[in-house]
Amino acid sequence: MNYFLNFINSDAHFSYVFSSYCIVFLILLLIFMFSLIKTKKLEKEYTVLSKNEEKK
Amino acid sequence: MVLEIISVYFYRNKKLIFDNFNLKLKKSQIMILIGSNGAGKSTLFDIIVGILEPNNGIIKLDNIMIEELSAKKRKMFTYLPHKDSLKDNLTIEENLISWINISGNILNKDQINRSLEYYQLSELKKKFVANLSQGQRKKVLLTKLILAKTKLWLLDEPFNGLDADSIKKTKKLIENHAKNGGSTLLSNHLDLSIKNSKKIFLQPIKKSRDIVKFETWDDIR
Amino acid sequence: MIFKFANPLKFQRFTKQIQPFALSLSIIFLFFGLFFGFFRSPPDYLQGETVRIMYIHVPCAWFSLMIYSVIAMCSIFSIAFKHTLADIISRSCAPIGACFTLATLVTGSIWGKPTWGTWWVWDARLTSELILLIFYISLIIINNAYENKEKGDRYAAILAIIGIINLPIIKWSVDWWSTLHQPASISKLSSPSIDNSMLVPLFIMTFSLFFFFISVLLLRIRGEIIQRKIDVIKFSHVR
Amino acid sequence: MKSDFYILMSREISIGIKNFFVLYTFASFFIISILIFVFAIGSDLIAKNNIYEPIIWVLLIFSVMLVSENFVSNDCNDGSLKELQFLGYNEELIILCKSITMWIMILLPMIALMPIVSIFFKIDYVDIFYLFINFLFATPSLVLLSLVSSLFSMQLKRNKIIQFIIILPFYIPIIIFTSSSKKFALENNLYNNNFLILIGIFFITLPLCLYTSRLIMKEINK
């Protein structure tokens, strides 16, 4: 437990480690969000298209 | 059997162009493919010649599969595609000479001059191809037929851009080629008739896949 | 071939089930990794706390190379067997690979600041990572350069094949070049002598990133399949 | 019966000689960009810490890339590339003959340009000899790579710039081993075996570029 404590108050290196983790999680979140939104949009479009395919 | 096309299927960017297409070309027979542009005439020629592989189907030249014969192809057919492969910065004569070297025949100068007279191109011999009209370029392309000593002729729309007189000349050329045992397959977008020739009408495939069922991976290619 | 009988519909349902499962697995492993990384492992005597960046930097570097080998295998498969699933996998892998290399570069330069004092150092591994990023970007560009998706896939596969053979040469020549330019820099970035207390979070983080990669990949594959179905429907209307 | 290689080579050379204009673009681009560098850096600075070699190599790479475009494009647009294919010549041979003619046509202006460049940069004669040997071994792989990149851009209607972005990472090993030979001669004995590495790189890029251009040429007709 004390590893984490003196990690918190090691003021010199804390900002570097913390920022690097935040940036990596940001990048991974971005790629996840983009592909999620893209797939959802495509699914909606596909259901619309296949609906009026059946009508024809 | 000079040329045989057996059950060819071909997709081009998600559209079905040939659906179980069959064709048989016998010796000294003329066959005309008539179809609107975009019906896949030049695609068919590309498939016959072996540049495009059909999705499935077999093409046979003199009962040999097209994949097997690689260098011998030159001797078996002459294919004049839609785009004339003439170099702009060369004169007519140089173009013909370079074509003769590529297609593997050996001809001397006066044979070339005699062949140029057929379409009255002999006085344009020294002109560069760049400043020739579209019709004259087509005539230069057709003089290749006179020089070629091959059995099978594959002509992709030989008549467009030609005036009436040279259309008659080309027809006469094709007819006496058929007389001495050669066979030709030519395509045209207008309906025309050559003596004892067989006509095939190519319609673009109307059968669109209404309810699109995606069974195999090729459906979404 | 294993993919022959799995048609798009079955494959789509398969990805729909696996994807959330993989995502939850990756989040669980992430918590374990962070716990072991920050609570159980000691700081390094030489670099202090910044060694904890290694737990995220090294897995990302491994994955940027692993994803490129996935793309390379899929492009060979697609050139040899002309199977659309291989094209779809390699098309959806490229952006994820680019993000992992970007993450490696950023964490590498952040890690370099305390150890070397400057943000960017022309160290051998960082430069070859930068070249890998440029290569990923050119793969993505060529994938979307053509309106006809199939042509884009084919040219991207050809570029990937050129890359398979040239990237090791580039890596080797960059290493040789950087040893000439900076003979002095003892590459501190190399992970120090790892005792097992540091090894455990490293592997757990690798597993979490692996499952994250799988889930995003399956998501993008499903999107690609649906995109191609839409194109086919749109094209079949055009007479 | 003349062999395929002889036929193709004679065709390529006869066509290459006809459009001599290509050599003027190559030579003029090379000279003008050298002038730009001299004005930018100043000739005494170049002569002092002799960075003339990297400058020459970077300019050579860009001029080869520019010139390779019109070697392939007028053949492909007027259909003679397709004609060669359906006449039964396999694609590797076509590309091999094109690269050989391009290499020869690039060699001629370089022989003329070398003395001029040496006067510009006040290089002594020993280095010119090594520069030229380096040049002989590196340009074949440069030519092959730029041909592949111009084939890539044949199909692109909109943005032709992609061909430069794609192919640049593959020039890195060549530029590393050519422009560093003179500078690090003293520190290590890599001086004389840089040529061997360049030959090695050439023997890797030769089959690779021939195979990929075969794949591309099959794709162009689709």
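Note that the chains are named A, B, C and D in the order they appear, and that numbering of residues resets to 1 at the start of each chain.
Rule of thumb we're sticking to: a residue touches a chain if its C-beta (ideal position, glycine included) is under 8 Å from a C-beta of that chain, and two chains touch if they have at least 3 such contacts.
Note that the coordinates shown come from a computational prediction; the quantities given were computed from them, not determined experimentally.
The fewest steps needed to get from chain A to chain D, moving only between touching chains, is 2.
Two chain pairs, C-D and A-C, are compared here, and A-C has more C-beta pairs in contact (counted per touch definition above). Chain closest to the overall centre, judged by the mean of its C-alpha atoms against the mean of all protein C-alpha atoms: D.
Computed centre separation for the pair chain A/chain B is 56 angstrom, with centres defined by C-alpha atoms. If you average the CA atoms of chain C and of chain D, the two centres end up 33 Å from each other. Chain A and chain C have Cα centroids lying 15 Å from one another.
In this assembly, the C-alpha centroid of chain B lies 49 Å from the C-alpha centroid of chain C.
Among the residues of chain D, those touching two or more other chains are numbered 222.
Within chain A, contacts with two or more other chains are made by residues 50, 53.
Multi-chain contact residues of chain B, defined as those touching 2 or more other chains: 212.
Only residues 1-2, 4, 7, 10-11, 14-15, 18-19, 74, 78-80, 82-90, 221-222 of chain D touch chain B when the two sit together in their complex. By the touch rule above, chain C contacts chain B in their complex via residues 3, 7-9, 83-85, 148, 150, 225, 228-229, 231-233, 235-239. The touching residues of chain C, when paired with chain D in their complex, are 79, 131, 134-135, 137-138, 141-142, 145-146, 151, 154-155, 158-159, 161-162, 165-166, 169-170, 172-174, 176-177, 180. Those residues of chain B lying in contact with chain D across their complex are 12, 46, 49-52, 69-74, 79, 81-90, 94, 98, 101-104.
By the touch criterion given at the top, residues 13-15, 204, 206, 208-209, 212, 214-221 of chain B touch chain C in their complex.
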